[in-house]
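Provided herewith is a single structure, encoded as structure tokens, for subsequent inquiry.
Letters A, B and C mark the chains as written, and numbering starts fresh at 1 in each.
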């Protein structure tokens, strides 16, 4: 099969660029790029569950928050740099478990389509509302104060032996994990599990009659999405050493949906590229004024849904494929 | 006795809020299958128009009406340009209306800054047992109920109402019977927008006027509509009442945070058990009676 | 091992106030090629959906291969050997022919043998010359053949065919008749629904007639065609 197409070429070029990025950029830029890469996992989590299985979730930021807070609480209670890796792993698993429980609650109850979006939105808001009022000193888990709207500060960085992940080290760890997950998600598409998810997406009722246990598959992929979103949250907490409920506000909840929809939800590469462009653009504009970033994003969305409902980046890929690589 | 009144007041206040916030959204969702995530911003626009007028000397009731009409016209324009491509595509309408919402919130922030000089709550207050209550907010309860009665009349006793309900049930058949479904849909979106503008105008004197004005209404209105189900009238009333009880009881006992969380949690549980909302439940009962 | 592969006992299904299936008792034996006929709205497709588990029963029980499946979820019934070709083509329109086959087959066929098995089934139903087209671009008849191939991928014990020749011309109908006979000859029990009496006569051995959700008559094609009551419900004023 001819693997030379726009998508693969662009992906390869992008990752090569990202790998050499630290050699051609300032420390400040490397730090920012680490943040952008950490946030891409959030978009990927939605690409996985919405793109592959058609599950429309506003809840990914909830799992982001669970992951980040879980890492903060566990690592700060351990208070031991050698245990930060363990905290990392536990935090992701907790995010996944939480997603499993929510998924079970929804899918085994036959909730689907737009109602999944609503329930997950409500869950995100419940979490955000709850965390925002945990300001008092009675609100703590173990030794760690939850901090309400102010959040948790001084979250420890990830440490391997004598190496604390910071700056360029942290950048490469996040990038390598991203590349690995990206490749897994791409390979996924042609696996048995990947095809099962497509069956879930394309026609739930009919697929049951081909032997697919739909609620189980939905719960499973939803929980994997939770793990990915939790991973994003943990990396964020490690990067900024800080976590707050604002990451679960309603605008934050909608952002992944919007990015993935505009990029082209069925394409993992598109999600990566568009998310990266957005976060870089928003960062650039935050120096001049973020309001414009959002206005532009708003227009981009509108145009995307009206003119190219299958996604901006995907459409560009297809166009280049047709004219440059001569594929139909 | 004072406690009882306090609770009753909170319930009615909550009920009015939910109804007024949700009615515009319910009409649009129930009739057109569109989820308008810019609903909060439509409410905000109503508040801004009303405030601009009131501060310029226009009497408040007229200012509020202007707010409603202004947003209605705005809604008509939005429908013509954007919404009419998205009828009965709920997921796509979510993304598109989110875009509109972003443009409006940030646009207003750029144009008029983070806050606007507002008007104060009219009619003053009275005291029972040391607690103050607002006459205006009680007036809103009356207006909310009046609105429901108006809607009932509109949908059950006018030609427009009949055609709308037919279109809602089955657009294809309505169309083949000569109904201009596109125009009905545009009209519906306009009316839904007007109700949103009205809500914004009514609450403008009681809240600070910021570009995020709509956020206070957004979640509650969505939850009310989705728990209510597709029937804009029955669904909204029953849902507004039920959620109003939950919200006011928990707020009364534990504080507003818990009131809000309780509302969300109950909504989650409810949708899980009855995804088609109260409307679905009630329709099932009606079908059996036939 | 019992001869009965499918048994419906006092099966009733209500939709709100409408009784779509009314106290139906039906027994199908292994290897049969049974036809369900009846006027529109008689409940035939509903019975298929009840057998597949798409709707829960209001009353009654269903047994498949001797095991009660009344409360069993659809996917488990499929894994037990129950397959269906639906009235409105139940194919994945946005996907290619091969992807459709892959989805239908991958739960039942070894990954190593998957491609060959897909080829075999595509050839069996005669759509091998269509390449790897997107399924929504196929004709109605071609989609029905594809769906039959998909239904066969699980090597079912019982195959349900809902109007397998709807919209087909005489040659296509004949071809489909041959395929169905071949499937039945290979040991697969088949129940099918159709209105084309020529087609029914061509392939079925036994016929069950439904009317207003009730079992109305059963017998061979000759018995049914000469049954005055049956003639009345088709031609009479209802």
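Convention: contacts are C-beta pairs under 8 Å (C-beta built on N, C-alpha and C of every residue); 3 or more make two chains touch, one makes a residue touch a chain.
This is a predicted model, so every value here is computed, not measured.
Placing every chain at the mean of its C-alpha atoms, the farthest one from chain B is found to be C.
If each chain is reduced to the average of its C-alpha atoms, the one that sits nearest the average of all protein C-alpha atoms is A. Across the assembly, the chain pair joined by the most C-beta contact pairs is A-B.
Here the spacing of chain A and chain B, counted between their Cα centres, is 32 Å. Inter-chain spacing, taken between the CA centroids of chain A and chain C, is 44 Å. Note on chain placement: the centre of chain B and the centre of chain C lie 48 Å apart, centres being C-alpha means.
Among the residues of chain A, none is found touching two or more other chains. Multi-chain contact residues of chain C, defined as those touching 2 or more other chains: none present. Listed in rising order, the residues of chain B touching chain A in the complex are 35, 37, 82, 85-86, 90-92, 94-96, 98-103, 105-107, 109-110, 215, 218-219, 222-223, 226, 257, 260-261, 264-265, 267-268, 271-273, 275.
Across the complex, chain C meets chain A through its residues 52-54, 73-76, 78-79, 83-84, 86, 90, 92, 94-95, 99, 102-104, 106-108, 111, 150, 153-154.
Against chain B, in their complex, chain A makes its touches with residues 56, 105-106, 109-115, 117-119, 121-123, 125-126, 129-130, 132-133, 250, 254, 257-258, 261-262, 289, 291-292, 294-295, 297-302, 304-306, 309. The touching residues of chain A, when paired with chain C in their complex, are 192, 195-196, 198-199, 202-203, 205-214.
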